[in-house]
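Here come two complexes built around subunit A, the first alongside subunit B, the second alongside subunit C.
Right, the complex of A and B next:
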């Protein structure tokens, strides 16, 4: 069947010229398999038999290593939950390089969108602003605010790259803005840096010390190579510096900044913060909305202090400045206050002990914990309630659910 | 909030995970007896299985001292395809439920008077979500899962954080939580659960007609909900419950401590 190949030669000429030298005789469907090396996904086990690589067990053991390292160091660490984060995006010439497909800036924009949504999901009380560096000058693209859509829409419109990058100008701008936020908020900057140089008007070391005094935590994710100045900035301010190796690594690095970082106690003084919990307006009531400045029917929230109408939560009342939230927004952060302990692996000695009555099914999802050969397979046990769980439930419980079904199904005395 | 969107496969096939409240403290003082309630529920579950050949039903009993699975329509024991007969589910469900209730009663300990006698709703909700995650993992072709809570017990304030965690996880995975409250007061937890996840909450006026309420409101699959007028929430009680069970303040605005201290 040569129809596929024929159509390709007529249509996409450029790609075929490269591939024709190697794969000219192959049909289109055959070409999809040329890069696949299925023999690499096999490995030998103890008896010399070939087995496919068990991705699930590998993934699970990597996950458990991560969890262990997090829980051992972060057992009793204070976290900043009200975060004011500025994302600084480098729109210099280097961002239009094509070593990331299709270009660095396209990859950055895509993952910043995912990051913003994830950030607001995990930190509903926090706010984000975007700053861009272009032609050596830093501009504020969006003001600090709590609505993910407005940031994403503004970012997607302005993705042209040109000129040099200037780290000092960006830091000066961000420092000016972050000095205006209330003292209980945690100030953070995340710089996505593609360039290998910075063109600064003055001494950047002074700016770094200024940021340090203003208690701003600066983190950098580089896309090119490691730079001393970025490393120095992060070390001075207590942030993290990492360089992305490829697109999936970049996504992993940027999503690491979504959960709240460990906070330094002196940075944000503990205060009582006044917040309002507005009632939902009745269906059919008409009032003038304070954010759109026009009359709207029903489905809004009235500020308890000044009775102005707001469209969505969380927000700040435009009239009296009271922070308006609803209790589910606060509740979203409660799992940081009451974390669950990591589960332990069921040891093989325990599994092989015939006297021990084993649980056959995972307590959460009722999946069988036995191997196809009816021998006990890998299982995880909760140290408190002693119930067994499968590997996937372990990951789901610790990453998303934050409740142990076993402990919640037992009445405490 | 808008109702949960349906995913792109087999739009009217559903998996319903039913959380059945078996709290003896509630049922002993309810106007509807537990056996009458079970007859309504069993007829409803059979009806769901009749609506579509591929529908699945899982029942988790929410007890006073423990929670456990009592029925799974997709397990091999419950399927009988000989002679094209309908699978008979009543006997196995009732038997397992009886065993569960006996075990639950044996776990009872002496409790101080005056405590709110709530069932372990957060435990069964977490188990339901784990089961649903397993269904998601089974591949691209799976029925649309939803959770139906048949609760009568009052809310237990000590479960607030666990229930909110479960609600947010359900919202993340787009699993609507429907709730039918059978008790006398209102349940703030159930109202919030249904509101946040895009499910339906209803408190039937007349418990003798429970089967009709269940069939007309809770039997519709997720895809058809966009064409059907379901009861809307009049007002959702969003009051946060203090973890220590203190009285809730009536003031509309509240000061909140935002200092996150290590657990003592």
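Right, the complex of A and C next:
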């Protein structure tokens, strides 16, 4: 038995020849172009010039699809209109990675800005605060408040990333703040998480249970990969968990959090809230501003109860604690409860029908619904008032106006 | 749901079925029709167990005129419980649809350690002491003594069971081990003996491999199984190793010392008996003259172990004259032990065939082959006569007799190897004499011969044509199924180069190269930074793992690291903490060894294993004498080339390791084969087809940075929500109507 000593039987000799078979693997730089296929979005016009394809049609169809998917779920459900949202931004080492261009944190900051603006536009009665996690510690960057500018400014100043990330610390901090919120407010946390792990001082499961007990809805948007603990957190507290594929997907995901979520059933008790509708002070009047603690000239609002001056609406009066809003704010929140029904698409044959001559133009913008070549373009019809609209008006009505001009004019006449 | 497969109505307890389950059932049904054996490979996480159970029970229900018994063999107690739980769901479903006529009796049988309800006995720490503890309370002579002397302790559960006698039966139903214990406690009957008794009547029996394959145990437990049984070996990819282990014995210096001590105790006992009651010894002598066949009428608690040889040979012959007297037998054993310890003193590695060994034994110690053959039974009979209950003390002498009987019985397929020291540590003398079995078919042959159908199934049986050759049987069906997936939820990659483009491999001449070690370390570090939660990393051996970890020790690693060690308790603790780390979002890496306990039995599903890195090809230690002897035997007897067998064995281990990550279709995971040898076709093609089908050509020859990029994209893609049933053109869940619509033809296209 000495023949085995020097020999190893795993197909020894021929192993050295390296099979460097050329595989059809694309290089990284090629791959970005194959995904985008940017050359396909160009076309040649009559004079031989290159110009981008008119992809409005594509845009319209995407929009229609989204609208349909939204409306299918949106039966009349109770929604939390007064939201207290903390945005938790992970500023750990992982946030400085460059897989999003120029870096994750730059992308996050950019879209958080858009989000905050959009959030206040859609939820004028709600308030936002920002918490950052850095070096394993959670900091409150801005207190909860209703002014988009102050949040954005504060955030843009602090974008350095370092250290580990701790989900538990952030949740504990937020939980402490949100517990003081009055019961009619809906407590929410939106966590933008770059890291793939969390370094916690204690048992995070306890913290999750605590959040659940104080009815905080936690949602997470991950930037790298699915993490179990985040998923668990969202499941437990009724939030949503998503992971961004790329920048545009991230934007989509974060904006999904702008419209108010359905209220947690056990929590959704009807409540009366005391609110004040302050008057705008006269131009040129001088008063001591309660929020800045200094004298200001003009353009302020006066609290109807204590007559203190506030700079912006909506807010809470610093002196008497009354919620100060203006009526357009209430009206803007209103449409979440009663959304306009999605419009139906019109078949082109119907449009060509000579019987309904009146309806050749869009009711909104009065443009002809027919193409330049006198072919019928895409059109839609409101199921209630049977008015025809072009797609651009459709988007405008559903996204911005939240009222159907056709129905409203019918009511007046 | 209910559906027809040919002439059998299958009752399936869920509303939807995977297409591959349906195919699996069709093949199974054909096997049962043909009354033959079969080999089926289907990936884990596709519901193999339930498909198997529901088809076989439905088959029995549809053919009431020919009752069939299902013997389901699992590897671990945990799997046994899982199987019984599934069977319970199925059984409830069948009863709901068919009424009481569908009632069956299904039980799990395990060792006393798992079934005993006597609090004093079950408190013992290991299996052997529980067995001994039970015997101390239930052996016939103890009970006889107790009837005279009320101070002698007895097991009340066993007494109650005995009193109930034939009335002690289990009502039909499915009993998990837990429920069996509860039932026993409630009635006051011993669950172990009840289960042993009910095995003969049960329609479904679930137990461990050993009960069928290890001839010592099989003789008692499985003797009375009828021929019309279907035997299922689940997770059977290592079945050849189990067979071989069942017939291999190793003798160390410690064993011999223990045996000598045992012998002196036995001789004391004999003297004591001679002084007090010589008639017992004489009665034994007379019984031996008439042959061992009479042993059958000993009470059931007393026959604890049986002959490892084929029972028929022995029972026909009478015990040879020179060992009939107890003293003579002791002399023979003493000489045998002496001879063995003399052999162990050797300085060189020796290899011998059993025939040569027996010849030298008879010339040096004067023990002939026939005497050897009977050693085991003779010892057994002697211990019964001497009323020895603490059998766990006598394991050493039992090992020696086991060895003697095996050597005496088999002339072929074995070899005896004496190594004076461990190859890896030549300075420490640790002589070991190994009787190693090379032929897996020896242990399993009686099973194939005796039972009508034997099904061997597992997630990894590739290449499927090698198993029939290793086990020496002819399957009527052997097939491999792929997994139908709604999304590409597994991502196998072959990594051949580090980020510096140098090849990585654990080949012998490369493994200690610092560049390779550094590249492996880098791979792990980079992967840790992109993969969340759990990562499992398999190494080829403990020694290599230790070496490589020492080299990495300087570099900081982000996640917690847990390491499997050879100590079971430590490993369990490490695993628990690993799970906790994954649960709490900390993330962790588990270092483990291919062929270790973790690689075989522990699942790293969901977030516990998002990535498996298989570092190197887990070839066996090719300089091991046993392996060389086995390879030689395989080449001579079965015409299997050494290289083929080694590659097959290595790849099946690798597949087993990486298969740990994915346990259901909703799960996802990545697998990295980090060795340049995996990119070679002869290695790669031996991976199971469900892995191969997801291994894209682009991922065959990656470097670390490319793998990193793919991992990032894959993880993002998998994190997106998905539709469970699959889109319309790629159905992965079939409802009843869809199933009925599908003819046989289209199903075949979907299977591999």
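The criterion applied here is as follows: the second predicted complex is superposed on the first by the 332 of 413 C-alpha atoms of A that agree within 3 Å, B and C clash if a C-alpha of one lies under 4 Å from a C-alpha of the other, contacts with A are read in each partner's own complex, and residues count from 1 in each chain.
What we mean here is this: a residue touches a chain if its C-beta (ideal position, glycine included) is under 8 Å from a C-beta of that chain, and two chains touch if they have at least 3 such contacts.
In this text the structure is predicted, and so the values were computed from the model without any measurement.
A.B. asks: For A:118, select first, second, both or neither according to whether it touches subunit B, subunit C, the two together, or no partner.
C.D. replies: neither
A.B. asks: Touching A:405 in the superposition: subunit B (first), subunit C (second), both, neither?
C.D. replies: Only subunit B is touched by A:405; subunit C is not.
A.B. asks: Is A:279 touching the first partner subunit B, the second partner subunit C, both, or neither of them?
C.D. replies: A:279: touches subunit B, not subunit C.
A.B. asks: On the superposed three-chain arrangement, identify whether subunit B or subunit C touches more subunit A residues.
C.D. replies: B
A.B. asks: Could you look at A:247 and tell me whether it touches subunit B, subunit C, both or neither (first, second, both, neither)?
C.D. replies: In the superposition, A:247 touches no partner, neither subunit B nor subunit C.
A.B. asks: For the complex, which residues does subunit C have touching subunit A?
C.D. replies: Touching subunit A from subunit C are residues 349, 351, 503, 507-508, 529-533, 558-559, 582-587, 606-607, 610, 617, 619, 622-623, 625, 628, 631, 642-643, 646-647, 650, 676-677, 679-682, 697-698, 700-701, 706, 709, 712, 715-721.
A.B. asks: Where on subunit A does subunit C make contact in their complex?
C.D. replies: For this pair, the touching residues of subunit A are 1, 4-5, 8-11, 15, 18-21, 23-26, 28, 99, 167, 196-200, 203-205, 222, 224-230, 232, 242-245.
A.B. asks: Along subunit A, where are the residues that touch subunit B in the complex?
C.D. replies: Touch list, subunit A to subunit B: 76-82, 121, 184, 263, 270-280, 282, 304-305, 322, 326-328, 330-332, 334-338, 362-367, 392-393, 396-397, 400-411, 413.
A.B. asks: Across the complex, what residues on subunit B touch subunit A?
C.D. replies: Against subunit A, subunit B makes touches at 64-69, 72, 107, 109, 120, 122-124, 126-127, 129-131, 133-134, 137, 159-162, 164-169, 172-173, 192, 196, 235-236, 238-240, 252-263.
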